[in-house]
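I have placed the structure first, in the form of structure tokens, so that the comments after it can refer back to it.
Letters A, B, C and D mark the chains in the order given here, with residues in each chain numbered from 1 onward.
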Amino acid sequence: MKPKVAFFDFTSCEGCQLNKLNLENDLLDILKHVEIVEFREAMDDKADAYDIAFIEGSISSPSCVERIHDIRRRSKILVALGSCAVNGGVNAMKNLQPIDEVRETVYGEDKYLFATLPAMSVSSIVKVDYEVRGCPMTQQDFLKLLVSLVLGKQAPRYDSPVCVECKLSENECLYNRGMVCLGPITRGGCDAICPSFGQFCTGCRGLLDEPNYIGMLEVMTNHGISLDEAKKRMLLFNSNEVQL
Amino acid sequence: MECYSLKQSDVPALIDHLGAYGEVIAPHRKGDVSYSFEPVKDSEKVVLEYNRTLLPLKKCFLPPTEKLMDFSLKDMSYKPTEVPIKPAVYFGIHSYEMQSILRLDHSMLSGKAESNYFNRRKKSRFIGVSFSPDEYHFSESVGISIEEMEGFDLYLNKVSDDYQLYIISDKGKDLLKGFDKLIQAEPIHVEGREFNKKIRYHYNRLPRVFQYAYHSKVWAEVAERCVGCGSCNLTCPTCFCFDVNDQVEVTAEDGMRRRSWDSCMLSTFAEVAGGENFREHTLNRTRHRLYRKFKYITDEEGLPWCVGCGRCTAFCPADISMVDIINDLIREDEKAQFHKTVRV
Amino acid sequence: MSQDLNIKVHHLTRVEGHGNIVVNMKDGVLEKAHLSIVEPPRFFEAMMKGRSFHEAAIITSRICGICSLGHQITSLVATEDALGLEISEQTELLRKLLVNGATLQSNVLHAYFLAAPDFLKVGSVFPLIATHKDVVLRALRMKRLANDIGDIVSGRAVHPITPVPGGFTRIPEKSELVELKRRLLEEALPDGIATIETMKSLAGAIPQFERETEYISLKHPDEYALYQGDIFSSDSGAQDVHNYLDVTNEFIVDHSTSKHARFNRSSYFVGALARWNNNHTQLVPEALEAAEAMGLKPNCYNPYMNTIAQVVEAVHVIFDSVRIIDTLLEKGLKNEKPNQTPTRYGRGIGSNEVPRGILFHDYTYDKKGSIVEANCIIPTGQNLANIDDDMKKLVPEIIAKSKEEITADLEMLVRAYDPCISCSVHMLDVDFIE
Amino acid sequence: MKRLQEVKSNEALDLYYPTMCEIVDAKQLTDLEKWYELKLPGGQDLGHEPGQFVEVSAFGIGEAPISISSSPSKEGSFELCIRQVGTLTKVLKRYEKGDTLGIRGPFGKGYPIEKMYGKDILIVAGGIGLVPLRSLINFVLDNRQEFGRLIILYGAKNPSELLFTDELDVWQRRDDVELHVTVDQGDPSWEGNTGVITTLIPELDLNLNKTIAAITGPPIMYKFVVMSLKSKQLPDSHIYLSLERRMKCGVGKCGHCQINGVYCCQEGPVFNYVDIKPLEEAL
């Protein structure tokens, strides 16, 4: 029996969903191993129970909370896909400001009309079995996890910084180019794609288990940005994670 | 030693000539301010005046990632990756880089010799080139001069605008057969290539410093600034630790086993099942890194396992300097000695 | 047919984001017919406050993964306008190539994966793998190539990496562009032609429904406008993009978490069909032929034909991309660094045609290069009022059909607009009627 | 320093290729541990010493160092016992009789059998530490007259985690084996000792000159056991320990198993206590 797989989206940009539809070369191979029973963005069908549920997006409203509990109850394995689901991602930036202020910026006088929750990771509400990190999640990571699950293998947690893959690709370090990069404290696994394309790492895959915040801030400020700006950069994708 | 003069403008011709022996690998520009060793496609593009490449020459013999085998999950069989023995010329190599290869030879060939490394190394020829030390080079402090020729087959010494070419081995001589742009010359000593960065002690004295440095507070100071990115190990020419991983294709039928460079500066490096981590803190890891360079292997082989290329310092985002750490340890050691003497 | 009708499609499938269709008819009188957007709000404007110009496009690209390139490029244009950053001709050409790639990918995705199942009356593209394997494979191939344009030129098709204020962090290699061109000509072109055939065969399934409305898009003097131009309304002509607020006039409705827009009438249309109606004369001849073959004529008032207009554009961008690559190669690729030295600080507007229609980004920067105020107006938001108006006209016309058929027609109508709901809820949250 | 020129072509080895071995028997011992009997192609002997290990590999999953649990005196096959803790080991749970596993090795240095002949052997096994020690125990039992007393201290967290219970029964009944079993926490049916393994040591009556101790267990056990033995005045040089480290190659290249300057897979995993005492990272 092929495992029944479902995809669900919460508060997100749906880029991770699209990235799955963008697996053009592998899509047909994937369908040999799994049966997709729910994928709102691509199909009408719905099912009752799932072997593997992939969750995209942050939890940011009371109805999201209900829905994720429901999905968890009906799923054997639950996987958080992409930084919104894994740690709140960019959505969590709104948590940094007092919620009233956020609402005022957007709604002006009508701010009290609307209910909203902080943007939370899936794991802060229900148990998450596996994570696929990144904004967007990378297709290779997704496939790797899927194949692991098909093989019954427990995918180990990756805890090496982006710099590792950056070095293995023999990139010129952006710090040597006078740029500021979050690679040293960001959990790798993306093949350092941003530095490889000349752009700084924004920290989209979340931070290492034990990042050296102070050391990192010192590095960043030594390379020409203000402490304030350095903190903001760190928070971009990791507002829920950074402990300063 | 035979010595010839070679015009700067004839260097590309020499490179082309060497191509007859095998693939030529030489320094090229890479990025805005960096260099890397690349196979030569156009000999005009080779850069002989460079400070250091991003990755060391090691990458040619112990590649950053390397496929060890293909396997099939259908019948649990595998096919080893063949590493052919291919002739190759490594051109424009600095003395410390050559020394690092000799050390790597020891690491990969002593005990049980590894065939993958051996095959890649078997038919390699090395052509050295002199360099002007920048603010990071300190190879003199670890006993390697600019003109150290051990390991090279030929050596190019930059003399004003042109080069002097030394024939160091018979293999080197063979490489030059049929190359007619050389003129017999007298060796000239080149003045003024000074190292700016120096370890305060002769390297012979360092193992003793390290003997008492295990509990130094210098490690904690370094650990405070170190962001643990692993760049120092991953660019080091004498580091050789690796990790092995299996990758399975989407078909879930075939896959491959790969190894890739690892770094003892990474938090999971010494973790075992059950979560016990034998080097849990950055402090333990930094210390291990330096002990690997100046104590553990050094005690056995009598040589520092650091060649002073300066990569770990130049490529450290936190500007942590190998030489500064050692000089701090020395200073601390001196202080301890002083106190001991005073007390007596 | 009864005089009472109650339709509620909860979490409409095969669109990006969450939306519900609500139709309510009592005693033959239509009480409600609208698309309500129920996606939770995301507060992008608030998040942008205080962020540096280096980060603006990184953040706004996350408004929507489907339109990430469109948001990113539009954001860059707004930032450059605000900070007075000049960009090179090469940068502009590379951006246009990227916009073409994104248009191709999005239009192909919509036509084959989201709309085609409607024409064939199946629930998703997956059953089509068994029945129409070659068609699915072709769609995948076209999408792959479109995405490869993004991967090669911008590092990654979803949330592109290299486009930054003032230029690119990496310029593609000549060989990469040569290869792209080869694939455009040898793969995309035949596939594009085959797509026209497929769509022709499905055209019978397109409902005959017309409602003339106001069509708004960009217009460029020299080319079919996708990257920059003036705002053009089929009712009132051209406007500078800096006056965009006079055009969009956003307003709040009680049934949607997204704002609606109107200009000269109660609603207007943006997207491929608007671009076709306003700018079709600037399409390449091959695209015009394709339009004719599929029965798309100038000044088409059938919103269902938006899907066909998208296919016509797909053909256009294949040819236009080849032209851009030729120009780039002819001029020789230069290893330019992005120009990131501001010459002024203040307000800037960016506007581009993204697959779903005209998009505006509006930023104000302080002297440190940080954002003080931001506003984004998204195509789907602009289309919502028009969709509601369409429904109001459509429901009485098809009231004789069964409830299931009516629901199907309505779903298909909404999908024809290719709505991107993730985008449209970038800011507003209103309670809606369940 | 070893030079390239000193290495002959036939000395350069394919170090990383496993030999495929058939599982001829397998049995789940406890919830977590599974026992396997494997056969090399053609029924060759593995040729190991007690205390040595092999690298076990399952394609697609990875490799892990695993001690050989059977005695070298057993011919035609060898045995492993594996606790399911991570990526590879959890998948191995599904491997059954008839499946194949890749094996490299044997690697490392085992117990110094030469030095043990004629001596009293004190085995201290904590949890899964019994796995490598079982090889030594069975070797001693197979050559019983060559050795003095055989004292086995074995501790587990609770009775359900005790390994090789059949063999424990046999050992218990033999009068040439002194077996003491303890569990950290008993259950209602448990009649034996409770308490950590070190509680068994003070009561031992050892002939200090003649006793050699072999200890294997979880990392934290070593310090306490060594302390107890030392307080009994057992000389350091009579104590052998087997240390666990992460290992990726087993042949002294990958660097993961280094304990200060010492490669655990080369000099160990069995060490004389004297040799590791000065190593700060050892215990």
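Convention: a residue touches a chain if its C-beta (ideal position, glycine included) is under 8 Å from a C-beta of that chain, and two chains touch if they have at least 3 such contacts.
What you see is a predicted model; the values in this text were computed from it and never measured.
Distance from per-chain Cα centroids to the pooled protein Cα centroid is smallest for A. Between the Cα centres of chain B and chain C there is a gap of 52 Å. The distance from the centre of chain A to the centre of chain D, with each centre set as the mean of the Cα atoms, comes to 42 Å. Between the CA-based centres of chain A and chain C the separation comes to 25 Å, rounded to the whole angstrom. Chain centres here are Cα averages; for chain A and chain B they lie 37 Å apart.
In chain D, the residues that reach two or more other chains under the touch definition are 60-61, 86. The set of chain B residues that touch two or more partner chains comprises 73, 248. Looking at chain C, no residue sits in touch with two or more other chains. Listed by chain label, the pairs that touch are A-B, A-C, A-D, B-D.
Every residue of chain D that touches chain B in the complex is listed here, in rising order: 1-4, 6-7, 9, 11-18, 20, 59-63, 85-86, 89, 99-100, 102, 218-219, 244-246, 248-249, 251-256, 258-261, 266, 280-281.
Chain D makes touch with chain A in their complex at residues 60-61, 86-87, 90-91, 94. Chain A makes touch with chain B in their complex at residues 26, 29-30, 32-33, 143-144, 146-148, 150-151, 159-161, 163-164, 167-173, 175-177, 181, 183-185, 208-212, 214-216, 218-219, 222-223.
For chain B in complex with chain D, the touching residues are 68-69, 71-73, 76-78, 80, 102-103, 105-115, 117-119, 121-122, 214, 240-246, 248, 255, 257, 259, 262, 264, 269-274, 276, 278-279, 284, 288, 291-292, 295-297, 299, 301, 303.
Considering their complex, residues 9-19, 21-22, 24-25, 27-28, 31, 36, 39-45, 60-61, 63-64, 89-91, 93-94, 97, 101-102, 105-107, 110, 113-116, 135-136, 193-194, 196-199, 202, 229, 232-233, 236 of chain A touch chain C.
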